[in-house]
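Structures given as structure tokens follow.
What follows is chain A paired twice: with chain B in the first complex and chain C in the second.
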Partner chain A sequence: MPLPAVLLSAKRMSAHQFVALTLANLRMIIRDRVLHGVLGVAGVMLVLVPAFSSFSMRQSQEVAISLSLSAISLVLMVLTLLLGTSSIWRDIERRYTASIMTLPVSRVIYLLGKFAAMALFLLICAVILTAAGSLVVLLAATQYPSDLPISWGTIALAVLADLVKYLLLGGIAILLSTVSTSFFLPFFGTLAIYLAGSASQEVFEYVSGQFGQEIPALSLAAIKGTYYLLPNFAAFNFKVHAVYALQVQPGSVVFACIYAATYTGLLLILAAWSFNRRAL
Partner chain B sequence: MNPISIEGLTKVYRDKKRRRVTALQGLDLQIEAGEVFGFLGPNGAGKSTTIKTLVGQIQSTAGCAKLFGIAAGDPRARRRIGYLPENPSFYDFLTAKEYLSLVGRCFGMDRSAIERESERVLELVDLHPAAKRKIQGYSKGMVQRLGLAQTLLHDPDLFILDEPMSGLDPLGRALVKQVMIDLRRRGKTIFFSTHVTADVEAVCDRVAVLVGGKLQTVNRVSELLEKGIEGYVIQLPSATAGLWSDFEARPQSDDVCEVFVPRGKFNSFMAIAGREGVEVQLIEPRRRSIEQFFLEIVRRETE
Partner chain C sequence: MKFRLLFGILLLAHALLLPHLSERLKQRSVEVKLGYIPHPQILKVSVADHSLPVAEAAVMKVLFYFGTLVEKFQENIVIRPEYLNMYRTLETAILLDPYNMDGYYFAQAAFTWEVGRVKEVNRLLEIGVENRQWDYWLPFYIGFNRAYFLKDFAGAAPYMKLAAERSGDPLFAKLAARYFYESKQTDLGLLFLDTIIAQTKDKAIKATYEMRRAALLMVTALEKGVAAYRSARGSNPERIEDLVTEGLIPEVPVDPYGGNFYLDSDGRVRTTSKLAEQPK
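Moving on to the complex of A and B:
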């Protein structure tokens, strides 16, 4: 067979393997009872939103949007943590890798299949939860009409930005999962990075102001270095825009997308490198 | 090009205290097409390390291993092999049919071939009634049989089987042996590790013994069995017992006595029997088993 044909067939085979592994992993996720429980809790949270938003009679619609988006975000975060942190190490521990990785599948394809299944599941959940959240917001808005319009596009954008943020977080979880032999490092490491990454923008702005002049130069450099190294999750927060129907600058959306794609891509490359070196 | 080619393969691990542990030391092995090769060794001998290196699960410290001329770590090298791990564990949230479908797609098989071959191999390993049940409800033996089924699905040229009889009942063991014999008849190459020497005797063409990470010997099973003949147990009418005073003889029943004739004296014994017109009722060779051969090597090496 001439070389280009060999390469083409190898590429086609990798694509087949990627799709097969993604679907198998998606099946695993969909059949997981713990995740059913999490989605059940999400349903209960959304059902309670109209009741809680009615406590604030003047801003019922705004509170309903805020609570719905927060509930969706919380659920997506829990799902990301559960799925991402239990991905690679658990497959090794359960010896699934001893059977799957001995098929003609490269470790990179295997890892990408895991990530893609997680991403697909989060996307499906985001769509379902957004639809349910929209109904809830509509109900609350009908009960106590607001002066502000409901910007459905911005609400969808806020959920989409959250989804992208959690894909990045999932990348971190998978990276830590490739080097770990148990639940602890991936789970607590990812959680710690999430908390730090969510607060880093505020800390950076704080030390960049007047307070920063009182900090020793070395500490300041360390704080700023950490800020640039950690993922900046504040870049994906469009919740306020959605709640108050504010216009989102296209530049910030484009920046968030490029930032997430680059960061997640780097994380996956690192994860693949680490997983390639690991003895199974 | 040999299905398996191993040259100077060495694997050194670091234990928890960062000490070096040599699991495999300069292993050289060539497995030829169409042969059934048994890989014998006690626990910790390096059998699984060798197999894991062959299927790309671990990287060697030195030396190289190739499958059909392709470096063992390369996923392309695994396209022509069927591998059954020791105590296999499969995606247990899938059914056997779903799992075989995943395996088939990873080997680039089309949908109709996967469907057809899945039916065939599930039938072969007697798993057809459980094909649509989730693997998590399977017994150990059923998982092992599914493991064998997934190695057969894409009709590979080389089978690498790590303890294939482990966890199987006598029926399952007989099934695996039969499958291996059929594969040999079809010209397939089989490389399998085992503790059970009787399995080696039953199906192997050649056997290697590995102890302490070092290859001790590679032999043809037929030669070992032939070389291992110590003598013959011969049954004769008891009335002739007086003729065999030079041999170890004992009565077997009222009519039959049994004589043990050392290998070197067989011809002279037969000459006497012919001359005296004695009716020989049964001749059975008494041989050292592969197990004795294996134990001697292990004992020698550990001493």
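Moving on to the complex of A and C:
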């Protein structure tokens, strides 16, 4: 059944507002000098990779790939933290949100525009850093021939998985930003969740083994409950596969994508709900 | 003006200080340079998705420490290496990244010939054989260690066979066969060292292998002299100098490890250094 003309027009207007807000936010992000500094540091880190990998006795190429991927991951994490944790609360504090809200823009569109701009910026950075990292890996690989081929597809997959992971982390940062009035809760809260989410799989496997039999049932249930509640960032780690050209199971990629989509979707819905209830 | 002057003074003081600081840090005790590495389980949960570079950094730490010891030895300064700490650091690196070839390679180089911890090294190498399923060097190392150090020819042969299957190199098949039928230990050692020296690029490691090879060549020449003496005289020579008197060797070679060659009661060639590094 066709939608009434008024509803169609409203939908088109929302989409237009969303794109306009996303592009406006992206322009603001690109102009941020702190982020230029972070990307500069990333460039220096990548330039140093061939020098560090030359210290390896038997796997210069593998070390170059692992250092490049780690540098890219670290930079994306810092960018996510800086962008996500300084978004909503700071805009409110600077009265930027209040002026935007005078326009016929819903709070949900405003919040989604912030998230989409962050996602676009992270995507642009990931593409640039992957291109730079690939050059560095090619250079380092000439230093000592490896038994293994360079698996460019898996390297791209590893970076893409990192990007998806940091979008999820960005969702957490934005959620915490909507309830906070300062920098501390979003920044340290997101950082703590990142560290816990990166370690949760190891801890879960540890307590699921013999060690778990010595833990009281209540503590074990609390640990397992926390494990399921926290984002599991281990699902997005394909670095070993990329470094050692191992085959990736397609199921692992599909599960990681669906997991990220559902978790990030839930976070954004919660953030929109929280932001809608917030007094400006 | 005052600030510029102060800035200039501080800059000059800083520039003057740097060489002295660098020299002082270089003089740190060797033990301080190796340091302490946390338990692998703790590291795994605390390094997020950067376990591969952390593992490589741990291997590098051991390599630089060992390199310092070799340098000191060349300056006639003998420092007893912290083998246990070195081994634990390498083990941690391998548990963090079971694909790390540098870790296996260094364990094989440092802990078999010099320290005789062959069983411990083989345990580490087993992890590598299981994970690096394309790699033929690791089964080769285990096979060699079992045959040469442990005299377990039956246990060595399957690993040499695995190395031959993975590489398609007839050398490994030949070695596998020889482990079953041969008993000339020194020849096997030389064959191994020739192979390993050809693909070693680290200077410190290569130097230790070449010294070992030179010593084994001397032992081989002396063993041939003893065999010739025995076939001519029907008994073993009493002293190693008898080989020179009989014209079987031009002179008694100088043990590169600083010891003196002699014959034991069974006529076997021995050296007072036991082929381990001695103070010069």
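Operating definition for what follows: the second predicted complex is superposed on the first by the 276 of 280 C-alpha atoms of A that agree within 3 Å, B and C clash if a C-alpha of one lies under 4 Å from a C-alpha of the other, contacts with A are read in each partner's own complex, and residues count from 1 in each chain.
Criterion: a residue touches a chain if its C-beta (ideal position, glycine included) is under 8 Å from a C-beta of that chain, and two chains touch if they have at least 3 such contacts.
Quick caveat: nothing in here was measured; it's all calculated off a predicted structure.
Colleague: Fit or clash for chain B plus chain C once both are placed on chain A?
Modeller: Fit - chain B and chain C, as placed by superposing on chain A, sit side by side.
Colleague: Go through the superposed model and pick first if A:Arg27 touches only chain B, second if only chain C, both, or neither.
Modeller: Once the two structures are laid over each other on A, A:Arg27 reaches chain B alone.
Colleague: Kindly classify A:Ser73 by the partners it touches after superposition: chain B alone (first), chain C alone (second), both, or neither?
Modeller: second
Colleague: Would you check which partner chain A:Pro104 touches, where first means chain B only, second means chain C only, and both and neither mean what they say?
Modeller: A:Pro104: touches chain B, not chain C.
Colleague: With the two complexes superposed on chain A, say which partner A:Ser134 touches: chain B (first), chain C (second), both, or neither.
Modeller: After superposing on A, A:Ser134 lies clear of both chain B and chain C.
Colleague: Quick check for you: in the superposed arrangement, does A:Ser208 touch first (chain B), second (chain C), both or neither?
Modeller: In the superposition, A:Ser208 contacts neither chain B nor chain C.
Colleague: Is A:Arg58 touching the first partner chain B, the second partner chain C, both, or neither of them?
Modeller: It touches chain C, and chain B stays clear.
Colleague: Consider the C-alpha centres of chain B and chain C from the C-alpha centre of chain A, and write down the angle between them to the nearest 10 degrees.
Modeller: After superposition on chain A, the angle is 150 degrees.
Colleague: Touching A:Ser252 in the superposition: chain B (first), chain C (second), both, neither?
Modeller: neither
Colleague: If you've got the overlay open, could you tell me the nearest Cα approach between chain B and chain C in whole angstrom?
Modeller: The answer for the closest chain B-chain C C-alpha pair is 30 Å.
Colleague: Following superposition on chain A, which residues of chain A contact chain B and also contact chain C?
Modeller: The overlap between the chain B and chain C interfaces on chain A is empty, containing no residue.
Colleague: Residues of chain A touching chain C in their complex?
Modeller: Against chain C, the touching part of chain A is residues 55-59, 62-63, 66-67, 69-70, 73-74, 144, 147-148, 162, 194-195, 198-199, 202-203, 206, 233, 236-237, 239-240, 243-244.
Colleague: Once bound in the complex, which stretches of chain C touch chain A?
Modeller: Touching chain A from chain C are residues 41, 44-46, 48-50, 52-53, 56, 60, 63, 97, 99-102, 105-106, 132, 134-135, 200-202, 205.
Colleague: So in the complex, the part of chain A that touches chain B is made up of which residues?
Modeller: 9-10, 12-13, 16-17, 19-21, 24, 27-28, 31-32, 94-106, 279-280
Colleague: Can you check the complex and tell me which residues of chain B touch chain A?
Modeller: Where chain B meets chain A, its residues are 52, 55-59, 75-79, 83, 85, 87-91, 93-94, 98, 101-103, 105-108, 147, 150.
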